[in-house]
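Following are the structures in question.
Presented sequentially are two complexes of subunit A, the first with subunit B as partner and the second with subunit C.
Take a look at the complex of A and B:
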């Protein structure tokens, strides 16, 4: 039996389901652009929930405290860095719009401020980030004020040790202690953050945990937990636990895939379709073709082939982990369109000898080239198509890992790519306005 | 001769250790000597400036030669291999997998070499059975379609880490012989024809210590020439050959696969548990300390290896490593592989010494024989009569030595059936209890063990993620148990990742590139190990 092809038409097709892809969907929804989004959402679950903008300048040892000022500096030293190609005001707007959307849909976030937040990591190091989920916000505050605090860990939860957090922060946070407790009704064997988080959506589990937490807190008024405070309404779970214990409570992200990452993925997958986005989250686009009338995306799901006709396309397929770029022994290639990839001369130059070299590795700066309207370029320097835009870390000339700038690049470039797609759509709908 | 002044910052130590024999070098030979001596009732101390198998002992194919590899070039070595292969299979089966080996020729290989091969094997007493092309392909489906000849020989694989650990552990059990890791020889106190003491430095604590012994054995492998010179002996002449090998994610074959030709690059593929090891290249080097694989060596190995096993061209690789093998300098021989692969035992009598000897060269397969010959000399010099027992006494299974065996950890874990014993390394299924046992009982334990030292004594970090996740979990567990108490634990973690990366750097493509991107985002982007300040 030959399966029938299902056809969709849309104004904008977003390929990729990382932070960049989802941010693009959010910006498109807010601008009333008909949108389809395709791509495996796996990578979002690897995020910590922290939204970094710029935490470190390349090669510098010190952290960036004022990311906005650092952006000005970046504009001077690296004009081809993707963050240098978006107006600072647009980056600010993008972050505001993105976090406001998350807040409206059930995960409250801190607003972007003038300075970075010094946030906690699961091993007791510190990290500069711009916005944190509301469930984590009390941690940085308690650290800044050096409030007496107890880090709670759990019997059976591996990879998160309160003793480790304390051992590494004790010099800077003298009133920090730790207690190990049993999670209600999970006394034996290994327990998993995701399971704990879902269990805490049940009021009875919260009450049992609150009782144990109160005892474990001792004299401290603030406690830190691994990120397990519910999956779908974490702010409610935290508020309830605070009410029951009378303590201030915060989460620390755990090793990925972590609950805060899974929360974001589940939020996007549930909310965006309700907002009218055609979301095909578990499939990959197998072909993308352009002609005079638009773009055609081909893919398959378990019901058969799908064809999407789109007026514009945003390529946000990420790097190696998400499959946007492929590393072959003889070079790096862009997976979907075989776009030219700016890259080191050969494999010998991909990495420095030392893994944790603060300069970062050349392979991470590889990527596709774009013009000022965020259109990917061919080898001859001309746009691949007037309808195609790019967003996220597939764009060259950045090292999001060393720069602590993954979410920043994703949100900023998605903001610009959607703005450019919108401009194109307007011009196509009203040809007389075309400039 | 006076010892050199201590290096700046080295605290002068009052520690003096005494023993009958000091063995310098913790490769399999040194470990084998330690056990051989213990079985003869002689107490020893074994020191290594790094840790067990840090040199060529830990950087080879893990191939237990049948001897067939050497029938055309070195009949004597071939015979030694045949004999040791049979002995070790019987006496140390826990370290060996009896895979069997194939010698295969493909279109374009010298047919004359292939023709004379079975005759040469017979001459050396090595079993050699000719297979038809279709039989060989049935045994090993990945073999090339261009196969023209195939023979089966009794090659096997051996785990050099377990072998060294078991030898050291057994020595401790027999007579309390001591292994000191991270203990580097600085010099000898020599008076006339006798060495009175060895001056050493504990490289972790940075303190000096003195070891007094009746006899001193230099089992330094590639470092043997440098060690001999510290005793003013100039009769050890070594050349250094760098070999690079790589490890595939999957086990490609059941048997050891050898190319049936004069030994060359990338012509041996050896299975090891769930993976395969391909190699090796051979280039002359002067540098013993900073050997690392290069992209060109990796590509050459794959290109050559895929002539036998075409699937190697598209395989996923998880790691590469380079080590230096010591070659005995002989005149008129320009081919490093053809250079004598036998071993040499020097008594240094011509250098005016009566209690110092050097054993070097040779190969993993003949380590026991090398130890036997060395101990014959040393016990005679000590005036003892006891004969060698390592050719008859089986190597016992040490409880804390069992964690290096591929695929064994899951078996122990399922058998123990303790749900509270959580798996820390998920690729290789290494549980908490294994870490506890290693930290408490394994040979060469120290007060604050590094993750590298734990990885050496287990399978932790050997799987596809190369430790990027389990390194974090094990580190967290060590904090939890109170072994790590401050930020030095994070330095151990960072150093472990940096060390693992040396092996990954040249094979990062395909899925490994994705794995690496995730690891680096975690280690540097989140945890900030790239900005960690040293304690």
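Take a look at the complex of A and C:
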């Protein structure tokens, strides 16, 4: 029995299936670029569902209200920050395009506005974010208006406590209460949000839950639930529960493994292949080679070896968690091409003494260098290949956790990387247009 | 464990009724074994304890265990507990945990290891017995149907169809035909308990003009030896089947509508390094191809009432083997058969689909309550589609979905693809309609 290598050819290969990789696929699909995408989609499931652009400026105490203005500031103070290297108008376009795509494919999102939204975290603290799923939008509104509201939690559900949410918010939200209820037909000790969300796609479960919710709400007209309102048609599930209860309902993200992230992952995995993307979701590229004619990616899936010939490549392999960067005793390395990584001089400089040090840690700004067309650079400052572009948090000079800018960096840089890849592809097909 | 650190497991050579010694379950050093079994970078140490695996595992909570907990306990050296937990018989080795894990950690391999470590007399007797039956005859049939009986049943059914269905008076069901292109395997359930269910597939082959054959040896599809964790037995079964195909000189071993039969053969050939002078292929791929080529002129015009269908992706051929490519073929076939607007996908689906809970020998293990708990997810998935029928190319999925449907009060039916193909073509005989509900039967009259 021979194992045959399956061959694919494509205009663009995207390596990485984090937010950056998926955003790049979406932008490429919208531009009718033939695309293949490879990477483990698991980590997308960790996100809260909130799409942050910029929530915190380095050194500032207060959270960012107006992210667009803060971007201008960032441009002055940190010109090599990836967000400073994308035009503000392009970042706006990128967010619009990304959220519109999600909406068309079944998860409605708020569009980017002038200001950040003050959103609720799983523990009832507040954070600034740019776009929120429609199922969560009523929460910030109810909070702003201080409407009487009951936060519901469930027997057996870990990672979300109504009491904790209320304790953290009661000073600012006086009419907030909480109730703990049982989820219909769940027999086991620990129950997961994912299981509840799927069960709520069954009309009979919704009816049973609606009955309990009405009682738990008491006098309140608004209730907040952990994010469990369905998996692949959340807006429908929420609308149905609102209809059945006569209440206004919103979701609050839970700790991972949480539903909003799994929703995104499953949406990407289902929709992109339908749109023509060759998606190989669970695997890692083991080798990437360039020659005059293009790039060759090698990998295996459970069925056997795969080879992809691509005219252009976007590297969006993330940092340590996803394996794009690897920490070795002698320093940090980029694992696929061994691209030079900008990093602290030696290990002793990775962290400040206190983990909570307000200056942040040098290791969280490590990454690869790019030129103005988002091509990763060699040590000598020349691009590694004219066909290779980078996107996402693998790019140096940003600390997305402290900046509350995870999705922002991913979407903005993906937007630019795809634009540059498209430019290259056009030039390659019409050499006379090459500039 | 032998001196070299590998596990030697042999099938017990005991007669029915012979009492067995009360053996103990040896303790495995899971951490050590994981280092050996799991690829670098996907070891237990890489686990982020994020819980995505458990959240998406239908066996979570059963026997107070889940995949994340399994890994944590292995890390903590709780080897006795892990070596003895009956949960390993409730994990269907469906690899969904592996699919959703950001670190690519595969728990099912350790579950297989744990299973193989149980003494035969402690393992769920249903799985062990099914494996013994498979080894008992050249048929490799888990129901113990000997070659001669299989040959007889096939011929008997064939003669009856020829006599009673004029359009098929020249129908063929070749046996041991040397050099046929396709070697077709067969689940024992049909020749044993519902022989007429073999006919629709024969008709399909007849229509497309396939050059195919059954074999009197190694014909059976099912394979519980892998699930019983008995590697030697697994090898023996696959060896017999591979030899049978090689002997007939067929080019393609065409796997019938069954999930694990494909997986155990495909993995077995690789694992035991067997020489297979043929390709392993799935019937689904060919249904799709024959429809595309116009050889199977199916359409959905018969579905005048807009009856809704969903499909169940068997993990053994989708997630664990071909990936989404075959899932797409299944959907293509389904849409062609029932009409685009009458197909509703289950959520999640394709490679992310949940195992039904019939796999891994669960249906044979006698752990009915646990199996139904596992199946509740599948039931919810099906109920959410509102479909009247589930189509699936897997016998175990078929049985399990029927069972949980009855148990949880669902009112859907489960049908084979061959049934619906023949229905669409207007060639489904009277005796071939077992799985049709009144709504479908009504359309036929």
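In this text, the second predicted complex is superposed on the first by the 431 of 435 C-alpha atoms of A that agree within 3 Å, B and C clash if a C-alpha of one lies under 4 Å from a C-alpha of the other, contacts with A are read in each partner's own complex, and residues count from 1 in each chain.
Definition applied: a contact is a pair of C-beta atoms (placed from the backbone, for glycine too) under 8 Å apart; a residue touches a chain by one contact, two chains touch by 3 or more.
Keep in mind that what you see is a predicted model, and the values were worked out from it rather than measured.
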First (subunit B), second (subunit C), both or neither touched by A:75: neither
Partner chain in contact with A:92 - subunit B first, subunit C second, else both or neither: neither
Contacts of A:273 with subunit B and subunit C, given as first, second, both or neither: second
Touching partner for A:189 - first (subunit B), second (subunit C), both, neither: both
Which partner, subunit B or subunit C, touches more subunit A residues: B
Which of subunit B and subunit C A:202 touches, first, second, both or neither: second
First, second, both or neither for A:350, with subunit B first and subunit C second: first
Touching partner for A:406 - first (subunit B), second (subunit C), both, neither: first
Contacts of A:423 with subunit B and subunit C, given as first, second, both or neither: neither
Touched partner set for A:221, first subunit B, second subunit C, both or neither: neither
Set intersection of subunit A contacts, subunit C complex versus subunit B complex: 46, 188-190, 256, 321, 323
Subunit A-touching residues of subunit C, taken from the complex the two chains share: 41, 48, 50-52, 54-56, 60-62, 64, 66, 98-104, 269-270, 274, 276, 278-280, 319-324, 328, 347-352, 373, 377, 380-381, 383-384
Subunit B-facing residues of subunit A, complex: 46, 48, 52, 56, 61, 63, 121-123, 125-127, 156, 158-161, 163-164, 167-168, 170, 188-190, 253, 255-256, 319-321, 323, 326-329, 346-348, 350-351, 353-358, 361, 363-364, 400-402, 404, 406
Of subunit B, residues touching subunit A in the complex: 292, 294-296, 299, 419-420, 422-424, 469, 472-473, 475-477, 479-480, 482, 484-487, 489-490, 493-494, 497-498, 500-502, 505-506, 508-510, 513-514, 516-518, 520-532
Complex interface listing, subunit A residues touching subunit C: 1, 40, 42-43, 45-46, 187-190, 192-195, 198-199, 201-202, 204-205, 231-232, 256-257, 262, 265-266, 269-270, 273, 279-282, 284, 301-303, 321-323
